[in-house]
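Think of it as A, B, C and D in the order they're written, each chain with its own count starting at 1.
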Amino acid sequence: MAQPRKQNEALYFMRRNAKLQIGVVIVFLFIILALVGPLLTKYQPRDYVAPGAQPPSSEFWFGTTSFGEDVFTQFVYGLRSTFLVGIVGGGLGTLIGILIGFTAGYRGGIVDEVLNMLTNIVLVVPSLVVLLIVAAYLEVRGLVFESVYIALFSWPWAARAIRAQTFSLRSRDFVDLGRLSGMKPLKIIFTEIAPNMMSYLLLTFILQFGGAILTAATLDFIGLGPTEGMSLGLMMNNATTYSAIMLHMWWWFIPPGLAITAIVGSLYITNVGLDEVFNPKLREM
Amino acid sequence: MRRYFGRKLLIYAITFVLAVTVDWAIPRFMPGNPVEILIARAGLKAESAKLIYSYYMKAFGLNVPIWRQYLNFWIALFHGDLGVSLWLFPQPVMKIIKQAVPYDILLLLPAILLSWLAGNKFGAYAARSKWLDNTISPLAYILQATPYMWLGMLLAWLCGVRLHLLPFSGAYSNAMMPSFSWSFVWSLLQHWILPFASLFIVQFGGWAIGMRNMIIYELEADYSHYLEALGAPRKLVRSYAFHNALLPQITGLALQLGAIVGGALATEIVFSYPGIGFLILQAIQNHDYFLLQGSCLFIIIGVLLANFLIDLAYVLVDPRTRVGMQGEG
Amino acid sequence: MSLQVKDLTVYYQTLRGEVHALESTTFGIADGEIMGLAGESGCGKTTLGQSLIFLHPPMKLIKGGVTLDNKQLPIGNMERMNNFRFKKVSIIPQYAMNAMNPTRKIGKMVADLLKSRNVDFKSLLPELKRRLDLVKLSYDVLDMYPIELSGGMKQRMVMVLSTMLNPSLLIADEITSALDVSSQKAVSEMLVQFRDRGYCKSVIVITHDISVLYQIADTILIMYAGQLAEKAPTDVIVHSSQHPYTKMLISTLPEVGVRYVDKQLAGIPGGPPLLLKPPVGCRFRERCPLAFEKCLEKPPFVETEKGHFVACWKAGA
Amino acid sequence: MSRAGRQVPEEMLTLDGVSKVYRVGTFGGKSLVAVNDVSFNVGDSEVVSLIGESGSGKTTIGKMILHLTSISSGAIRFNGVDVSRLNGGARKEYYRHVQGVFQDPFSSYNPIFKADRIFRTIREEFFPKIDSHEWNEKIDSSMRAVGLNPDEVLNKFPHQLSGGQLQRFLIARALLLDVQFLVADEIISMLDASTRVGVLNLLAELKSRGLSILFITHDLSLGYYISQKSVILYRGCVVEMGPTEQVYHHPLHPYTKMLMACVPRLGMKWECGEIEVTNPKVKQPDLSSGCAYYDRCPVAGNKRDCSTSPSLVEVEPGHFVACWRQTKQES
């Protein structure tokens, strides 16, 4: 049902936009690695597979840790949890942002004031620090739990942006016309307003996705990540704790950080590319 | 003006109260006797455990009504009493934090301010030419995506371990005692460079990107076109655009503080830099909930205060807020 | 002739191709002439105005030249044109309400701008104040920020600022369209006074509202789809125009005194052609009741009577 | 408060002392009066033009009639039924009879959908059970009624159609329903001169077929062309209303007189007087006391005379004016 001219135009620019293509390709490579990686290794992340501290070799592609674990195995499992946190945390953050943003933007008035205040409050709280307090007390923490509480603090960015968009769309006459056609508010939001914001919501999700990955990495690194399983942040935590830097074991801490930087960086660049595709004003730059 | 600040203060006040309440409530509303759980987890010797137990039973005051416990908590907070550390028992948490704070200021203040200034300058340059834009902008995006701790580890490994250029652990040489001697200051500076650099570089990327996007927007604004149509030199148009693009960057600084502090915590851990971040790591590893709680509260207060200062600064630089406020008042 | 435009052709570069927004326009404006430039949206009137002072991408100069006071204007050259902007040619833009830097006091902005053009603000200040008096603004505005002014006040401030250096040519782009009728009258009359006092020599008033032009313009130039249709003294355009488009356009205008029940006005059927691939010949051909084979050829813009130019094969006949 | 409300008998649409107060500032700390005690009515098959400059509250009145914004005080009655009480199904029924068309044709269409989606919405909401054949006939007849060729305009995106076509399309949408009353809010002010008259004529034609229209405009000449009755608004207050001919040719309120003198006309030059400008320092004056036009009024008496807001008084049959000058002369 989307506009053919617009769609063609978007496709045309997508094909010409190098930023978008590079970003998407890199993210996809990592997704594929996360999916098939664990199939390429016969070990589990915490298995003792060889004498410790071996540099990369044909057998252990990324070398081994001080405890003889296979870094590649840890890496690919870590990638999986990274994407999981990104999707669940970023997705949930976007969803909360959408709910609050749509409600505040569409209803306006006092509802908007209250929600706006709530948004501002969560926005100024140093979220990581509050997460620390909560996480430190919990004995068992799962990956999904981590994603959820990251989302609970990351939504304000999404909500603010979506509220502003909704607000400007709401004042357009077609929304009033929808009301004159007897449409209910929810129907108006989802059939009139939301379709106009699809590209915008996608951009928001990508930013939330990247943000969730970075926050999770920091949490994991501080030692407040999931108590079970493997993650890229945890690998860096282990590497620091067991002096990988002093011991010249660069293969232990470079892959996880590089992967995060590459994934999040590509997401950001994809975002810029998409923005240029959707927003004609930026194309000429 | 009063209305504007009233509103801001209200938000800060609510945030503060909420944070303190969460801080207070979490141990109390978890199942079981919080004191027992906390002490059991800390894994102390039986003797000291008993001492601590009696201290904290009193401190928690579990025998008084819940509202009274809450009130007592607030009273203690206003007396600067954040309890006693388990890890360094019987040192008060407040005292431990006070020792750490100077290092945080030493690290964070220059990193935040300098990266903000430099990032904005470079972002404005980037918007100036296609060539710069194509080199600086992608780099800035990648920097923005770099986890602080990873950059820290890279720098520590490259500059510290491989090249032996700089020390990468602690705030000063182990062989020294803090003093006002040149050699101590020199050691302090050397230890400061790498953690500072990792904070600076990552933030720099974010600010540069922000400024680039803002200034392009401002250069397309009507007032810029008007000036150009009247033949004003590029320099004037750009300086107006830069000034106006800087305003949202100030607000951005306030909003980013929380994230920056989070990054600083991770960086301090990498470099064993004895700021609050390092304390937090110790607290977590030693299950010292009181130290953790105290440090976190301290950071929250710090961030809220900094936010408020930035708001004040914003009013000074953006006349629209002042004028709008007069009209409203 | 103060301004002489010769064969000026400006296209917009878009992704779909070149939009032929302004095609071979040739006309002149005398010293002290207020020329109204009217036409429907998309007819190229704003493009023409912009081309004369600030021809920037995506606009592209295809051919043609402009002379002002017998000097060639380098309109296609951003840098060289700077010497003429503000001093010789100036503009009151369509977006006058947003034309001032929102974070700088108005007086400071004026000073910045003048200084950047090597004009001493201090020595101009008394003159500036005189002109503020004329547009009924108090001197306090110099010490205010733009948001402290109402829309009409900003408009008048920009009028004063744009004409500060007494340009030979002033382009006033849709300056009355966003205003209420009372301010509309005031601003229009001020513009005439500016001309009378020599704050600007000649003026091009771009608008879609011919009834405003009737009040203030000496001549009116009608454009259609990127081409000139007719130029003549105001009364001639309104009462005895020769181009069928002008005639029809004037006859569609309702005015106080005309009622549906007494006299039904008729619109012009159809719509203007797309300028991406404009039709050959006269661009009004499709909608013109008088069109015949010859209209496949572009009619020249010729003087049929003194000061009356028409681009129509049937004109004068 | 107003005497006018009670003086005129109930007609199809009646506004009775309608006000709109906006709450602005933090948690509605301040109030802003957009519409102040407005009463007038629109009869069967009548075109009433509501004339005012920006900020006069004319659009707000249209939105209140269309139930798009709430009424702060007073009542709007349609065929005797209080509109503000309508909810749910009753409100939908109301929309069967009362519809609106707005100023910006491009903003009235959702840009990512085809223009005829506005028909589909009507079908979904109002005619869920109609069969396709019948529906298509209905569309055909209403398209013909507004002078559109279905083949030319159906199945197109909004940007592929002209402003005039889009506005006709919207009128056709209203005609699909059993519409008796149309709020036309500046519907031709964004159209080009060559197409606007066509739409204007269409409205007049629909009026002669029995439709009542509230024609909201800032353009005096358009109001004169089409309406039987004119209501002049200034800062949310009705300052003058009456039969169009009388209001235009014998304006009584100084504001109306000023409007008539300032409107640019072809073939009639402005009289040259002192240039009058307003430099408002305060945007919204305090309406609770005094005449809203006091600060600009050339004939205002001493402060005491005009210090209470004048109410509308009938000076000749059907012609009302709210000015102390007029009332004083009467008494």
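The rule we apply is simple: contacts are C-beta pairs under 8 Å (C-beta built on N, C-alpha and C of every residue); 3 or more make two chains touch, one makes a residue touch a chain.
In this text, all values refer to a predicted model and were calculated from it rather than measured experimentally.
Engineer: Keeping to the contact definition above, tell me which chains border both subunit B and subunit D.
Structural biologist: A, C
Engineer: What chain lies closest to the overall centre, CA atoms only?
Structural biologist: Chain closest to the assembly's C-alpha mean: A.
Engineer: Computing the C-alpha centre of each chain, which chain sits at the greatest distance from subunit D?
Structural biologist: Most remote chain from subunit D, centroid-wise, comes out as B.
Engineer: With contacts defined as at the top, give the pair, A-B or B-C, that has more of them.
Structural biologist: A-B
Engineer: CA centre of subunit A versus CA centre of subunit B: separation in Å?
Structural biologist: Computed from C-alpha means, the inter-chain centre distance equals 22 Å.
Engineer: Could you tell me the distance, in whole angstrom, between the mean C-alpha positions of subunit A and subunit C?
Structural biologist: 52
Engineer: Based only on mean CA positions, could you tell me how far subunit B sits from subunit C in angstrom?
Structural biologist: Comparing mean C-alpha positions, subunit C is 55 Å from subunit B.
Engineer: Could you give the separation in Å between the centres of subunit C and subunit D, each centre being the mean of its C-alpha atoms?
Structural biologist: Centre separation, subunit C to subunit D: 32 Å.
Engineer: Out of subunit D, which residues touch more than one other chain, so two or more?
Structural biologist: Within subunit D, the residues that touch at least two other chains are 26.
Engineer: Enumerate the contact residues on subunit D facing subunit C in the complex.
Structural biologist: Touching subunit C: residues 53-54, 162, 164, 192-198, 200-201, 204, 218, 220-222, 224-226, 248, 258-260, 262-267, 269-270, 272, 275-280, 283 of subunit D.
Engineer: Tell me, which parts of subunit B touch subunit A in their complex?
Structural biologist: For subunit B paired with subunit A, touching residues are 10-12, 14-15, 18-19, 22-23, 26-27, 30, 133, 137-138, 141-142, 144-151, 153-154, 156-157, 160-161, 168, 216, 220, 254-255, 257-259, 261-263, 265-266, 269-270, 280-281, 283-285, 289, 292-293, 296, 299-300, 303-304, 307.
Engineer: Across the complex, what residues on subunit C touch subunit B?
Structural biologist: Subunit C residues touching subunit B: 53-54, 56, 81-87, 90-91, 93, 95, 98-105, 112-113, 116-117, 145, 147-148, 158, 162.
Engineer: With touch defined as at the start, can you tell me which subunit A residues reach subunit D in the complex?
Structural biologist: Counting only subunit A, the residues touching subunit D are 1-6, 109-110, 113, 172-174, 176-183, 192, 195-196.
Engineer: Inside the complex, what are the residues of subunit A that reach subunit B?
Structural biologist: Residue list for subunit A touching subunit B: 19, 117, 120-121, 123-130, 132-134, 136-137, 210, 214-215, 217-218, 221-224, 233, 236, 239-240, 245-246, 248, 250, 253-254, 256-258, 260-261, 263-265, 267-269, 272, 281-282, 285.
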